[in-house]
Amino acid sequence: MCRWLAYSGSPIMLEDIVYKPAHSLIDQSLHSKLGVETTNGDGFGIGWYGHYDTPAIFREIGPAWSNRNLRELTTHIRSRMFFAHIRASTGSAVQQTNCHPFRSGRWLWMHNGMIAGFSEVRRELTLAVSPALYSFIEGSTDSELMFFLALSLGLQDDPPRAVARMVGLVEEVGRRHDIEHPVQLTVAVCNGESMWAFRYSSEGRSRSLFRSTDIEGLRALYPGNPTFRRTSDDARLIVSEPLGGVPEAWSEVPESSYVIARHGRNEIHPFEPIAA
Amino acid sequence: MCRWLAYSGSPIMLEDIVYKPAHSLIDQSLHSKLGVETTNGDGFGIGWYGHYDTPAIFREIGPAWSNRNLRELTTHIRSRMFFAHIRASTGSAVQQTNCHPFRSGRWLWMHNGMIAGFSEVRRELTLAVSPALYSFIEGSTDSELMFFLALSLGLQDDPPRAVARMVGLVEEVGRRHDIEHPVQLTVAVCNGESMWAFRYSSEGRSRSLFRSTDIEGLRALYPGNPTFRRTSDDARLIVSEPLGGVPEAWSEVPESSYVIARHGRNEIHPFEPIAA
Amino acid sequence: MCRWLAYSGSPIMLEDIVYKPAHSLIDQSLHSKLGVETTNGDGFGIGWYGHYDTPAIFREIGPAWSNRNLRELTTHIRSRMFFAHIRASTGSAVQQTNCHPFRSGRWLWMHNGMIAGFSEVRRELTLAVSPALYSFIEGSTDSELMFFLALSLGLQDDPPRAVARMVGLVEEVGRRHDIEHPVQLTVAVCNGESMWAFRYSSEGRSRSLFRSTDIEGLRALYPGNPTFRRTSDDARLIVSEPLGGVPEAWSEVPESSYVIARHGRNEIHPFEPIAA
Amino acid sequence: MCRWLAYSGSPIMLEDIVYKPAHSLIDQSLHSKLGVETTNGDGFGIGWYGHYDTPAIFREIGPAWSNRNLRELTTHIRSRMFFAHIRASTGSAVQQTNCHPFRSGRWLWMHNGMIAGFSEVRRELTLAVSPALYSFIEGSTDSELMFFLALSLGLQDDPPRAVARMVGLVEEVGRRHDIEHPVQLTVAVCNGESMWAFRYSSEGRSRSLFRSTDIEGLRALYPGNPTFRRTSDDARLIVSEPLGGVPEAWSEVPESSYVIARHGRNEIHPFEPIAA
């Protein structure tokens, strides 16, 4: 499993979110509190929007905690929307093409969770990827495959619906293979303007997911941080586990729901798979 | 494209073949003479048979020429049958799972060449992999896919026939996609007892491939090398381009043919794809 | 800090010691129980004696737990004497030349601990390295520098005396820089015939170190392991923390002492720094 | 040896200089025309000035030609002053701390060349580094040591004088060790405002170095490039070998001279070592 964070708001140096908070994502790479493993050292990645519609990605196979390039980049790169992810492999190879976030055009995708019995259902699910997209698959993870399935099922038009169809498909194929709980996920997806985050599992016991309550909460969280004092009120964070030491700044995303963050709005909706 | 060598014979230190000869594979990683590129720096690998039926593999993503671990291992590992490969990517990711040799059970496979128009035919060819084998695909190369196709088509029972069927399938699918010359390959495969090497291309202009004429030739090639003086007469080398400075020690493997090396025999046969 | 193990005895597959025992070194790379950190993911290394007097070393900068090459090599390499080490950097770069074991000729060296205030005393200590050895220093760790100091002070003639002189020097230089507890170490050193392990700290609170009590203990530890049933009675293990689930198989190496293992003997002696 | 480029001018996307020109630095990593080796694949680095006085650095140990992160970063990072370097090791380890550019505070340093007989003179030269700076040495190259010597000899106050003193020292120490031609260098150094480049060798046969004649030349070089059409007239490039296909756009930096580029000025001066 993995840990991740997603930011949307006024432009901010990445290090202010990725490194500086107490129990930052970097700290979680060694000492995750709510993850399946305490260590998330099987690669990492960041994706951010800058001068172009297409985001940049930087992904590496070593642990985040010791990576000097990550430290450099987050100190020098500002962005209004970015993802950061640390990976704990559940068996697939530690390689750059298995690191999150994944990108397709303007879209970024990252994931924590798993498709249960992946080796049994991988082939059938891969066949469901649009032939036009198929040859862009580069890695061997369930996470990347979920992204390509969602793209094949309309992610760019209606993200919540496409993710619901993807999950419905994974559940159907899994159950046909006698897999009791086919899917477990917290997924973040964005296109440079809006950001969606999903929390769902077939079992109804999904991995942890939290969102920042509001920018006032963040300011309380980092009273000495000049960046947050300057941050616009529409800043939003969605995280696998809370950063900082102010629990009130975070609210748990409920089971079977998803969050939309855009233009200062921060809505929450129920999430239900759509049967294939 | 790539360069490779395959050895079968009495046990020998890997460095005696991989590093010590003039124009060794390590030299070819920087200064290939007959390859498509002079530089083959996109990863490398060795596979060797030791105490078990199952061979060991060591693969890395950096260039061979500077890899200290490769230097160490070849200095300390002896083997009676081994493969060594240096990679020049034609676009697919530089990652361990794309490095040769590939392994399945007792079998090793390595390749130089390409499936033309791979992004167009990849999906259809992948569907032809046996569902039981599918989930063992870890990388994104045409080379690994060829291996899984050959395994699906009976490699373990009859290697020449399985490779012929694999090539026939690739050609059929390629031509259906209007690809003029669907495949280009020099492939080596072994199971710890026998070794096969294939040279073929749809175009009839295949990459270079050579075999050592006989051990007397090798002794002439390395007169000062005590290893070769001790080597049994059944030692055989198959290489992308000749090692050493004695051209007479090598004979070119003809277009559309394959070599079998086992038990001191070293036969050559014509190779023809079997239509799917 | 780090974790390590050292083996001497009849030839054994490295995996039997490095991977197979409960709470193996690989498990310690993620879940160390007695180390300063639970995670030891900043590189690793093995060194082993094979066909030659000079040992082989294999060192990599990623975590041990996910390294496929380490898995392959330990499955296929047998040795009568070997070291294995997992690193948790205390700040110096994660690079191959900072990974243990270090080698000079027939000698291997690995270390857990630190020279306190290293940035303050590094220059002065480096000046104490023999000019003839100086240019072989490749990394930036206190551990490698300790090795070169010990080599400069007669390691090859009398290891316990050279280590005692090295520690005496480090303490003297440290105290001159007002460092209260200049050194903390558990060090293993070997030359292919004998193996020494030292436990000492200026503070008198040294990192954990254990030795296997006897081969009967090991057999009890691994009743189902055919290797141990075949292992000669002179097999000896020295480890940062006990492997397996049989606490009686291990005895702690006392504070300020060192162990010699050779030819079936397994002696323990007091250790005292020799003032410079 | 190595290849490098240095840019100063109006802010520009790094890819416009590093990737897009004909015979770019990336092309030189595989096919250098004027370098000692055609392949420069032993690591690379970029350093750039952004929001802060302190520059960012990104350095990796693999070849530049296949590095996806380098491609991403240069596509998304703009800078008014940056360095880019590709390395061909002359023996020292391929590790991040041996990759250029090196940084100290606001200063960047990169180098092509060598200190002859480095293993013989390394210790004596290292002793000449200011004790206050000594512990910041992380790698094992002559290039980094030159930087620390120049820093110790006043680089931050008077770069040309400090480099002249450094070279004088290296020559004196080398000659005392009977080294005929102690130093060979093309060095670039900058502080975010000004940029200096030196060409010198004891032998009087220095590695190639070129500077862009003027921005009109660059515009002629890239007529279709909107960036250059927008570039201010003070843009300056200094390169190991000319980019693009317009030879007139470049003038060779003469033997034993150095260039200063700042505020639109682009001066050239003779360079002479200052004896220690």
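For the reader, a short list of remarks on this structure follows.
Going by the order they are written in, the chains are A, B, C and D; count residues from 1 in each one.
Assume a residue touches a chain if its C-beta (ideal position, glycine included) is under 8 Å from a C-beta of that chain, and two chains touch if they have at least 3 such contacts.
Everything numeric here is computed off the predicted structure, so don't read it as measured data.
In summary, the chains found to touch both chain A and chain D are B, C. Residues touching across the chain A and chain B pair largely coincide in numbering: over half of the numbers involved belong to both copies. Per-chain CA centroids place chain A at a distance of 40 Å from chain C. Contacts with at least two other chains are made by residues 68, 93, 96 of chain A.
Contact topology of the protein chains: fully connected, every pair of chains touching. Residue ranges on chain D touching chain B, taken from their complex, read 30, 37-39, 41-42, 61-63, 65-66, 68, 89, 93-94. On the side of chain C, the complex with chain D involves touching residues 92-93, 95-97, 118-120, 122-123, 126-127, 131, 134-135, 137-140. If you check the complex, the residues on chain C that touch chain B are 13, 48, 50-52, 56-60, 68-69, 72-73, 75-78, 96.
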